[in-house]
Amino acid sequence: MVRVGVLGATGYAGIEVVRLIVSHPHAELKRVVSQSFVGQKISDVYPNLRGICDTECTALDVDDIAKNCDVVFTALPHGASKTVIPSLFEKGLKVIDLSGDFRYNDAKVYEEWYGEPHSAPNVLAQSVYGLCELHRDEIRTHRLIGNPGCYTTCSILALAPLVAAKAVDAKSLIADAKSGVTGAGRSAVLPNLYCEVNESVKAYKVATHRHTSEIEQELSLLAGEDIKLSFTPHLIPMQRGILSTCYANLVKPMTTEDAVRLYKEFYKGEEFVRVYDAGTLPEIKHVAGSNYAAIGVVVDLRLNRAVVVSCIDNLVKGAAGQAVQNMNIICGFDEGEGLRQAGMYL
Amino acid sequence: MVRVGVLGATGYAGIEVVRLIVSHPHAELKRVVSQSFVGQKISDVYPNLRGICDTECTALDVDDIAKNCDVVFTALPHGASKTVIPSLFEKGLKVIDLSGDFRYNDAKVYEEWYGEPHSAPNVLAQSVYGLCELHRDEIRTHRLIGNPGCYTTCSILALAPLVAAKAVDAKSLIADAKSGVTGAGRSAVLPNLYCEVNESVKAYKVATHRHTSEIEQELSLLAGEDIKLSFTPHLIPMQRGILSTCYANLVKPMTTEDAVRLYKEFYKGEEFVRVYDAGTLPEIKHVAGSNYAAIGVVVDLRLNRAVVVSCIDNLVKGAAGQAVQNMNIICGFDEGEGLRQAGMYL
Amino acid sequence: MVRVGVLGATGYAGIEVVRLIVSHPHAELKRVVSQSFVGQKISDVYPNLRGICDTECTALDVDDIAKNCDVVFTALPHGASKTVIPSLFEKGLKVIDLSGDFRYNDAKVYEEWYGEPHSAPNVLAQSVYGLCELHRDEIRTHRLIGNPGCYTTCSILALAPLVAAKAVDAKSLIADAKSGVTGAGRSAVLPNLYCEVNESVKAYKVATHRHTSEIEQELSLLAGEDIKLSFTPHLIPMQRGILSTCYANLVKPMTTEDAVRLYKEFYKGEEFVRVYDAGTLPEIKHVAGSNYAAIGVVVDLRLNRAVVVSCIDNLVKGAAGQAVQNMNIICGFDEGEGLRQAGMYL
Amino acid sequence: MVRVGVLGATGYAGIEVVRLIVSHPHAELKRVVSQSFVGQKISDVYPNLRGICDTECTALDVDDIAKNCDVVFTALPHGASKTVIPSLFEKGLKVIDLSGDFRYNDAKVYEEWYGEPHSAPNVLAQSVYGLCELHRDEIRTHRLIGNPGCYTTCSILALAPLVAAKAVDAKSLIADAKSGVTGAGRSAVLPNLYCEVNESVKAYKVATHRHTSEIEQELSLLAGEDIKLSFTPHLIPMQRGILSTCYANLVKPMTTEDAVRLYKEFYKGEEFVRVYDAGTLPEIKHVAGSNYAAIGVVVDLRLNRAVVVSCIDNLVKGAAGQAVQNMNIICGFDEGEGLRQAGMYL
C-alpha cells in the first residue's frame, strides 16, 4: 500500500483526488491538508464521503507529511505549489502537482505566461510533464510530475496524431474548448454564481489563456518545429467536462476514414483513449465521471481541413484521474488501477 | 460468480443495473435484453460503457435466459413485468423486478391503484417487498423481489422510525417529494423534453400517484394500523435524486435531538442510511450517484410537528442500487458489495 | 411622468425594478443608487440594458433623491432599509421597500423573527403591507409600502381563499415551497456557486424562515383567528420562480370543482391571478418572467385535504413586479401598467 | 393595424412570433394555425399566454388567411414552406418565412444542401434574404422574405465587417457556434430529452450543416469573391441563445482597437447590433430574451488572427424577432417597434 497525502484537498480537484484514492486498491489516504477547514472532517465539508472517508483536515506540516506519506498530490492554487513543493521534493517524496507550476520544460515559457520568474527552476528541471499517453517512459523515472491542465489534456490528445504525422499546416491550428464550471474551482466569486453562469455561455481569456503555452510546448515537441495555435476557452452551464473542437488544415490529403485509421493507430493499446469510428462523434456525457478521453475526427473535403472533437472529464482525465494514473506509473502499479469505472451517463 | 441477465436494459433504470453489475466482484453480466436495440452493442447505445461492457442486446428468450442466468433483473414498463416474470420465475430463476407489479401484499390494492386485476396473483403471493432495511430477513428466503419504487423508498425511510415508534398522528402524514427527470424514464414524449423541463418545476398526479399505495402499505405494517397519507410528486430540472420533505404531527412530545436519537437508533448498523445530526440536513448532492440514503429531522416545537428531509439517488437506492442490494441478500453476498462507492458531489 | 429612484439597484431584485421601470409608460428612472458600483453605468454591470438604460450608479444622497424623485424603491439588504427609509419618508417621498423591514403590523413580531428591536417603530406604523390583491384599498392611502416577500406572496395567495372561507382547519396548514436561485440574491458566497446548487435540491431554515411570520400575519387577518403554519423553503437549480405546494385539512367538505369555484370567486377581477380549471395545475414555466400568479387546487377526497399549487416569478410578482404594481396603485395609474407582458415560457 | 397570421404557431419559433405580435403596437393577431392543436386555445398549449392571447388554433385555410390577414409568418418545418407559400404569395399576402426554403439567391445551392430540387423556383426568385442589417433596402421592396437562420444570423454578423473590408484571408474562416436547445425545436425525439442534453455538450452535423451555405452566400456577396468556411454547430444545455466564435486570418495588420473601430463603423446606426469595446466580450446572458446582437473582437497579434465572439437569442434575433423586424420594414413601421425590450439577464 502506498501512503498518500493530498494538499488542497477541499478544492474541486483536490476532493476528486480524495474520492479516487479512497477506492484505490493499493493506496491509503494518510493526510488531508486544507488550510480553510483545519480540524473538520473532510466528510463534513463533502458529505458524500460520510462513512467512506472521515479523515480530519490538517494544516500543512511538511515533516509530518514526509513521515507518513510516500506520494503527495498538490492541488493548490497556481503559484502556491512552487513555494511548497521544493521542500516536499527534497524530503524524497513522490510529488504529483496539479497546478501549472511544474509543467514546463523551459522556465522562460513559464515566466512569459505566468508573468513572474519561476522561483524554483532547479526543481522544475527535475520534473516531467505528466501526460501519460505521450510521456509514459519518462514519467516512470521521475519523482515530480507536472500534471497537465484540463484544457491542455483535451486539446493535445485531439491534435497529437495529426501533428506527429506532419499531416497538417502547423500555422493553422485552432482549439475551441467548452468547459464545465468545476474548471473554475470553488472560489466564492461573482462570475461563479449559479445565476451568472446558468443559461449562458461565454468565451474568456481569448488569445491569452495560460494553457495555450502547454499545448504549444507539447505539440511543438511532437512536430519537431515551433507550433503556435489559437486556443479559446468557453464556460458552459454544466458541472463536469471539456469538449474541444480543433481545426487543422491538411497538408496531406486524406479522408475521414484515413484520419480515423491514423488516430486508432496512434492510440493503439491506450486504455483511456477511445477513438470513434468515422461518422460518430463523442459527447461529454460519454466520458463525464470517468478517466476516459474520447476523440472523433471529420475531414471536410470541401476545405481540406480536419475537424477533431475530443472530450474528457476535466476533473478526472483533466486533473485527479490523470494524477492517479501518474501515481500508478511511478509506483509501478497497473496503470489503470482505480480508474476503470464507467462514467454515469445520467 | 452469479450469472446475471437484465431485461429492459436500455431504459434509465436498466442501464444503471448494467453499470453496477459490470463492476460487481461476484456477478457476471450474461444477457442484456432490449427489444428496441436487438443486435446493437449496449456500448453503442450508452457509449460511456465502451470497452467496459460491449455486450450485444438480444430479444427476450426465456429458455436462453434460464440456461445462462441465475438472477434476472426486470426493468420493464409497469404491466410488462407481470406477463414476463411468471415464466422466468417458474424456471427457477431468482427475479428482482423493478416495476410496480410485484410490490403488493394484496392483489386488490394493486387493482385499485393500477386500474386492472393482477394477472398473476399466485406469483405475486410468492414475492416479497424488497426494501432491504425493513424486510431483510424475508428477502433472504424469497426468489421474487418486488424492488421498491424510488419515491417510495425515500418516503418510507423518512417516516418509518416515527411511525414505528407510534410517535405521530397517523392521519397527519404528508410526503412532498422532489424528483430529478431520470425518474420519468427515457420515453421520447413532449413533457420530457429539455425545453419543457428546464427552468421549471411542476407537481403532478397530485393525490393519485401510484407510489402512494406502496408507502401506505409499508407504513401501515409498521404502525399496526391503517395509514393513509398525502403524497405529492414534483419534477425538478436535474437528472438524479429525490428529496422528500415529510410532515407528521407528534403525539409524543420530543425535541429535534430526541428525534435524531430515535432515527439513529432505528437505523443503527444500516450501512446505507445516514442519519444527520441535529442542525444539519441532507441535500441531493450528498447522495447522488450512490446507494446511500440521507435523513435529517427537525422538530418544530411551535407546532409540535416533525419535518423530515430524506434524500436518495432515484436510480441507485431508488432502483438499480437497491436491486443489487437485494441480489446481494438473496445470493448470500456481503450486502454492500459493489455498492460502496461515494457519490460524486460534483 | 413619475420620477423614480432605485436604491440597491445592482442586486437581483433592484435590477428587476430597473428593467420594469425603463419600459413603464408613466415612469422615468432618475436615480440608480448602488454603493458597490458608484460611477459605473448600470449597463456595464448588466449589459442586457446597454442602449436601453445607461444611467450611472451613484452613492446614496437623500437630499438629491428627494429633489429628483417622487417614488423610491428600496431593494436593500434586510436591516439596511430601516435605517435609510425614515429619512426618505420624512422628505415626503413615496417609498416602496422590498426588504422585510416594513411588512409588519406589530413591531414585536418583527423583533421576534429578526432578532432585534425595530429601530423605527413610528415609521413602521405608517406603512402598509403591499400584497395588492388583499390590501389594495389601504395601499392607495399610504406612502410607505412594505412590499411582500417572494415566498410570502406565493403562499398567501395559495391559501387565502380557503382560509377566508373558514373552510380549513387552521392548525393543519403547511406550505412547502420550491424557489429558484435568484431568491438567494447576488452575494458571492459558497452556497450560491453554480457547482454547489446545480443538480441538487435542499431544504433550508426549516421551521425558522422569517417569511413564516408574514404568512401567519396575513392568514390570521383573513381567518379572524391566530394562525400558525409550517413553512419549508427549498432551493431548486433554476433561476426564477417559486412553486408553493400547500396542504390544508378541510372542515367543510368540498370537491375539487367546489374548491376551484371558491378560488375563481375570490380572485374574480384580479388581473394578475390565474386560477386553473379543475384537472390542471400551474408550472413555474407558465409565469416565469411575468407578474402573473397561477393557482391550481386538488381536493383529496380520501383524506379530506386540499392540496393547492401556486406559482409566481419570485423576482416579478414576488418582488419588483408587485413593487411596480404598488407604485401604480399609489400613483393612481392603471394597476397593470407596465406589467402585462407574457412570461417567455422558453 | 396590420393583420397577422402565424402558421406553425405552436412550435418554438412560431410561439415566439405570437408572443412578439401580441405586444406589437401596430399588429393584430388574426389567425393562429397549428395542425396538431386545431380547436385548442393557444393559451392552453402555452399557458404563459393565458389572458394575453387566447386565440383558437385553426387548420390551414389559404382563402381564410388571405381574407383576414395582411402579413403571414410561416414557421413550418423545412420543406413544408415551399409547398404552402406559393399559394399565399399569389394571393397578394406579405410572407415572412422562417424556414430555409426561401433564403437562396440560387436554387442550385438549395438543391445541393437540401438534397432535392426547389419546387417553386419562380417564387424563390421573388424573395429576398431578410438579414435586415445587410439587405434593408431590398427588403423594403419585396413581399416574400426568407428570414435568416439562427446560426446564420449570428455568424454573418460576426464576420461581415472583416470580410467586407477585405481584411481577412477568405480561405481561413471558421465559425464555431454554440446553441441552446430551443434551436432543436419541439420534436419529441430522444436527442431532445432533458436527460440526454443536460450536463453535456456535443458537436453535430460537422462540415455538413445546411446553415453553412447561407453564411457562404452572404459572405461571398460581401467579399465579391467565392467564400467557403468551416461551420461547426454545438448543442449546449440551456434554452436560448447562440454564441458564435469566429476565426479569420488577417491580411491587413490591425490591433484589437482597430478591429473594434471597424466594427463600430460598419454597424453605425444599427439599433440591434451592439459592438463591444476592446477588452470586453459579450455573453449569451447579455442578449437572451431580446432582439439584440452583441459582438466583441480580439486580434491575436501572435498569430495575426482575429477572433470574433457574437451572441444572439436564437428565437428572437435568430428567428421571430428578426421576422418582426422584417415585418416592420416591409410595412413601413419604425424598424424597432415591438422589439426594444431588454433581455432579462436572469
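Order as written gives the chain letters A, B, C and D; numbering starts at 1 within each chain.
Convention: a residue touches a chain if its C-beta (ideal position, glycine included) is under 8 Å from a C-beta of that chain, and two chains touch if they have at least 3 such contacts.
Note that the structure is predicted; figures quoted are calculated from it, not measured.
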{"item": "Where chain A and chain B overlap in contact partners, by chain label", "value": "C, D"}
{"item": "Equivalent interface positions on chain A and chain D, same or different at half", "value": "same"}
{"item": "Between chain A and chain D, centroid-to-centroid distance (C-alpha), Å", "value": "38"}
{"item": "Distance between chain centroids, defined by C-alpha means - chain C, chain D (Å)", "value": "37"}
{"item": "Euclidean distance of C-alpha centroids - chain B vs chain D, Å", "value": "46"}
{"item": "Touching two or more other chains - residues of chain A", "value": "12, 182, 195-196, 198-199, 237-240, 282-283, 285, 288, 346"}
{"item": "Touching residues on chain D, where the partner in the complex is chain C", "value": "12, 15-16, 19, 22-23, 46-53, 182, 199, 239-240, 271, 274, 282-283, 285-290, 292, 294, 315, 340-346"}
{"item": "Interface residues, chain D side, partner chain B - complex", "value": "12, 181-182, 186, 188-190, 192-199, 237-239"}
{"item": "Residues of chain A touching chain D in the complex", "value": "171-172, 174, 176, 178, 180, 195-196, 198-204, 206-207, 228-230, 232, 234, 236-241, 243, 245, 247, 281-285, 288, 298-300, 302-303, 305, 307, 309, 346"}
